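Next come two complexes built around chain A: one with chain B, the other with chain C.
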Partner chain A sequence: MALPRPLRMSISPPELELIASEHLIEIVPLIAMEKTAFISGAYGPLRPPNKCRIPLWMATNLKLKKKCHIVSPDWLSVDFLQERLSEETSQQGFSRLPFRFAETAKVVLDVASDDVQDAEKIRSLLKDLREARQAKSRDGLSQLDHSELSLPNLCSMEINEIRPFFTQAMDVFTQLARQPDADNP
Partner chain B sequence: MPLGAPPLFQEDEQETPLQQLIRYWTNERHAPDILPTEEDLLSRLLDHIRSQSETVQLLRSDPSSSEEEHFRIMLAQTEVERVKFVVRSYLRIRLFKIEKFARYIMTNPEVQQRLSESEVDHARRFARLTDQHFYHSVLQSLPESQQTLDDQPPFVPSMVTEPDKTRAVFAHARQNCPPVRLPDGTALKMQKGHISLTPYSVVEQLVTRGEVELV
Partner chain C sequence: MDNDYFSIDAILAENQKIQCTFKVDVPDMGHLGGGSDRDIKALTKVPIPIWLAYIVLYSDWADFNIPAPFGPRVRNALKAEPRSVKLSALVGAGGLWYGFGKMIMDILSEEQANGMSEVLTQTFRGRLTEVIDQAQHFATLGPAGGASSDAAQFREGLDVTERELFSLVQDSAKRTKLWFEGNDRARR
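Now for the complex of A and B:
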């Protein structure tokens, strides 16, 4: 078979991580490198201690070899996340976060927790955010029907999480809605 | 958004060919139907992979390379592997659909246009192989009236597997989209950034035109 079953209609979290790792992030290099052409574009030149924007996968690679510091994105800070969390718990809709924040945060915190201020606090905030948002998406299930459900500001990892259940539920609604026609054509 | 789109959410301005392929790959993964092939993009990326690998080989064989060179080689190689992974994943999901819908593809010239030449070829051979296999293992010993593989008897699903276009998908608007008609009769106008769970048939056109991506 060309594809294992779990990958036939969904995408796996490691694959999402791979996609998120194409996004650019700022680093402080510890080695010098000339501007180099890559398939996704030309990056560099790296000149310590000047900041530079490179794809996240490249940053992780260099970081693991201790050749750079990752500058954590503005949204990956205690202040910002705290603010979003209070918004999340006080308001109805989902608060605005970068579309691939969960993947990016995981990668950055995994390899560069020493470059992130208050990494522990951020981890627990991310967890709280996740739980608050999860509860909301579960509530959203009650509004599901056979035609459309708007989920503004939902993020890629969260979509992936609710996908199997939500799509199947909607498929059942679609079948139910179609039934009356089948009886009297 | 009243927030005036803070700069921290900036998208990377121009979509690179690799990002395009990633988008087509996730679209293909989520869409129940088989989407138009992106042969040109694919061959451009494959050329790029080839030339990049050649450069890496060349630099590697040079014994006098500095430490800086080593890093560049290592990064370039890592990227080549990443791009190869995306290319393979894209082809695999298409291959899976081609084999699943082989008979459907061979009976619909319109669908064949969405496939590349080698893909149509594969579908043809695959359909023929399975047909022959079914015939030799079972069908030849059945009465002639029951030997066909494309019956469409009433009240049961057709024997030819067709994509279920009513399957629900998550659609993410990449730009403001023209209104589309929902199954309950109302219209939906997706603004840029809007995310919706809706049957695939609703957003099919928008996906083909690239106005919406499946996430």
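Now for the complex of A and C:
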């Protein structure tokens, strides 16, 4: 048990970002490259004016060397996010978003904010979304009991954030609840 | 809070004393009650720690009363407003109110145990949101309110179980916040 306690209970946000970096994203390359084999698969070939799908980590790398433009995903747009935000504030459940939207959005906005239209507006929309969803998962706390909790459409970053204490709290509930057949098994 | 042999929390919770009324004479055990009597006479009341109480109670040598931290006064206070009761003050330093309660619950008979479980669960649920809210506030903005505010009072009254939860929330919120605000573009 050499790991610090928080790391034992869940993985860290940078690790989640690493996992999200395996997802494919569209780019417009500025250099030509033959089809190349990596451990996770073969990507390419890159032919400059044509779009190509490569993993996010590779796109980040190329982008930082100014060798491609990242095409921002459909959902990373003001219209889409605005719609989700109004859904989020008007309806009870969580709105549907890509499972790893927080990680992907952050990476894309960090390295390629010049390729995204209205990057600032999107940033603030994402922040609003996060706050609205946090408020909802907080409400989920009051429904917590020892057996189950259902929060559909929760995304990986949010799950990861609430996992340590939701599980701990449920553990306590389990301890405090009477097992009906504890005395006569 | 589990009854695991190696659980430090369980050992600490077992150290709490409960009032037992002996039904039989027990020779040469007067020191248990801390008195100077040589024997324990029937019908004397002796506070003994839970780890010892198990065998005494199961052997039917004594009866016990539900201890004060779970008595009617506390129950009524909890029913009125779970967040205003200082759980840590009820069971002494390093208080394990829930752990202690769970142990009492396990000794009690069916009906009383159900009532006890109800009280513990309701209390935990009633206080949970406040614990989480404060911990998140702590992680992002620092302490909420001054030293004498309601929030500070509430924090002082946290039971060990809740304290653990508090630090978990704080850690998790801090890490996530750090990631959201950080930008390690230079490293790549």
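As a convention for this text, the second predicted complex is superposed on the first by the 174 of 185 C-alpha atoms of A that agree within 3 Å, B and C clash if a C-alpha of one lies under 4 Å from a C-alpha of the other, contacts with A are read in each partner's own complex, and residues count from 1 in each chain.
The rule is short, and it goes like this: a residue touches a chain if its C-beta (ideal position, glycine included) is under 8 Å from a C-beta of that chain, and two chains touch if they have at least 3 such contacts.
A quick note: this is a predicted structure, and the numbers were derived from the prediction, not measured.
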| query | Touch check for A:K51: first (chain B), second (chain C), both, or neither? | reply | neither
| message | Output check: A:F165 vs chain B and chain C. Expected answer is one of first, second, both, neither. What do you get? | response | second
| request: Would you check which partner chain A:A2 touches, where first means chain B only, second means chain C only, and both and neither mean what they say? | output: first
| task | For A:K67, select first, second, both or neither according to whether it touches chain B, chain C, the two together, or no partner. | result | first
| query | Touching A:H23 in the superposition: chain B (first), chain C (second), both, neither? | reply | first
| task | Please name the chain, chain B or chain C, that touches the greater number of residues in chain A. | result | B
| task | Could you look at A:K35 and tell me whether it touches chain B, chain C, both or neither (first, second, both, neither)? | result | neither
| said: Tell me the contact category for A:A177 with respect to chain B and chain C: first, second, both or neither. | reply: both
| query | Is A:S12 in contact with chain B, with chain C, with both, or with neither (first, second, both, neither)? | reply | second
| query | Just which bits of chain A does chain B share with chain C as contact spots? | reply | 9-10, 61, 144, 163, 177-178
| remark: Touching chain A in the complex, chain C uses residues 1-2, 98, 101-102, 105, 110, 113-114, 117, 120-121, 124-125, 128-129, 132-133, 161, 164-165, 168-169, 171-173, 175-176, 178-180, 183, 185, 188
| request: Note which residues of chain A are touching chain C in the complex, please. | output: 5-6, 9-10, 12-14, 17, 60-61, 64, 102, 106, 110-111, 130, 138, 141-142, 144, 157, 160-165, 168-169, 172-173, 175-178, 183
| chain B-facing residues of chain A, complex | 1-3, 7-11, 15, 18-19, 22-24, 31-34, 36, 38-41, 57-58, 61-62, 67, 73-75, 96, 98-99, 144-154, 156, 159, 163, 166-167, 170-171, 174, 177-178
| remark: Per the touch rule, the chain B residues reaching chain A in their complex are 1, 3, 8-9, 12, 16-19, 22, 26, 29-30, 32, 45, 48-49, 52, 67-68, 71-72, 74-76, 78-80, 82-83, 85-86, 89, 92-93, 95-96, 99, 166-170, 172, 182-184, 186, 188, 193-199, 202, 215
